[in-house]
Amino acid sequence: METSDWTDRIRTFAEEREWQQFHTPKNLAMALSVEASELVEIFQWLTPEESAAIMSTDRGQAVRDEVADVMTYLLRFADVLDIDLDAAMAAKTASSAKRYTVEHSKGSAAKR
Amino acid sequence: METSDWTDRIRTFAEEREWQQFHTPKNLAMALSVEASELVEIFQWLTPEESAAIMSTDRGQAVRDEVADVMTYLLRFADVLDIDLDAAMAAKTASSAKRYTVEHSKGSAAKR
Amino acid sequence: METSDWTDRIRTFAEEREWQQFHTPKNLAMALSVEASELVEIFQWLTPEESAAIMSTDRGQAVRDEVADVMTYLLRFADVLDIDLDAAMAAKTASSAKRYTVEHSKGSAAKR
Amino acid sequence: METSDWTDRIRTFAEEREWQQFHTPKNLAMALSVEASELVEIFQWLTPEESAAIMSTDRGQAVRDEVADVMTYLLRFADVLDIDLDAAMAAKTASSAKRYTVEHSKGSAAKR
């Protein structure tokens, strides 16, 4: 997926509806977290094994929809604040590689 | 940004550290929502105006980092469940266009 | 409100339905955060002024319901882990009073 | 725990620091969800069994602190909007008893 294609479509969608007034970074961060929680809700009572098999259940489409909702608000948020996603990913990945070296983090989920 | 490039790098990063055992869909959904909330935390006491100016403050880099964290877990989640992001975005966008017609939703944030 | 009265009722409600199997601390923390996000959803597109007037709108009852949902999962979580709420509140309040002295925090929302 | 005792103390704490300006319902809902997510973060990579044993690990005090943080913002939110917690709990419990009858919900976490 090329994110810039979707960023443009989402911006047009918002502008056609005059939603810029609602799309402050603060409100978009809220909406993003609300959509992420709707994804969590699907999994909250499932065992790890049930969670791994979710796509072959009748909740599979809901999972796809929530993923798209999170992506939509994430792209819109980054667009409104003019954040370069590739640069942000590159910086964060470099920093994570230093904090979570293979040597120290192999098989461990401990925060560093 | 081409998401598949990052999906591959994130998968390799996880595999090198033997993190597949932690990366159940359930756990990744939790991690995604936790990162989205870290973005919310930056904005929680700000006025709408202050939130719009965040990138020119000393919190700008934290915003970029949290955006990358949310993207990382979103791509990892979609990878683990083999979700086609383009297809998910296309389906959701089509459905939103029907639910939120320009006629009914112009200037209104009401849920439909 | 005396929380112990509700803790007992919520426990009985769960046991009658044999929900103890679902009520791991992990799952209850997820459910708590999902309910908190449902409260956030009500406010996500509102101005600060609109948010202050919410109880006199047709969303007022939804706010009351979500507050009760968050309280229910918070009490259930504390019950399952045998957490003494009064002691937890006392410890946290004492620590906050030291971190956020009136001298340093008057009129400032800065995290310390 | 008698919630009204804590509601009063939390209100005084906020007023002494002139934090009423930050404590809009919208901002408090955000803060509540952020604290709930900090609780989720503690559990995100744990197995159900590890999550049940959390209080006897070095993360036990962090769990207590986060529970107190969620309770603090929940009480503050209810105070600012003048929500009667006992009444809200009574209404919600009655409604849940109807939706989740023992007959239909025994041993099932399905949403109704």
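Worth a mention:
Just so it is clear, A, B, C and D label the chains in written order, and each chain counts residues from 1 on its own.
The rule we apply is simple: a residue touches a chain if its C-beta (ideal position, glycine included) is under 8 Å from a C-beta of that chain, and two chains touch if they have at least 3 such contacts.
Labels paired with UniProt names: A, B, C, D = Nucleotide pyrophosphohydrolase.
Keep in mind that this is a model prediction, so the values were computed, not measured.
More inter-chain C-beta contacts link the pair C-D than the other of A-D and C-D. When the contact pairs of B-C are matched by residue number against A-C, A-B or A-D, more than half turn up again in A-D. Between chain A and chain D the centroid-to-centroid distance comes to 25 Å (mean Cα coordinates, whole Å).
Centre-to-centre separation between chain C and chain D, using Cα means, comes to 2 Å. Counting partner chains per residue, chain A shows two or more touched chains at residues 22, 27, 30, 33, 36-37, 40, 43, 45, 48, 109. Contact topology of the protein chains: fully connected, every pair of chains touching. Every residue of chain D that touches chain A in the complex is listed here, in rising order: 30, 33, 37, 40, 45, 47-48, 109. The part of chain B that touches chain D in the complex is made up of residues 22, 27, 30-31, 33-34, 36-38, 40-41, 43-45.
By the touch criterion stated above, chain B contacts chain A in their complex at residues 1-4, 6, 9, 13, 16-19, 21-22, 24-27, 29-30, 32-33, 36-37, 39-40, 42-43, 46, 48, 51-52, 54-55, 63-65, 67-72, 74, 77-78, 81-83, 85-89, 91-93, 95-97, 100, 102, 105-109.
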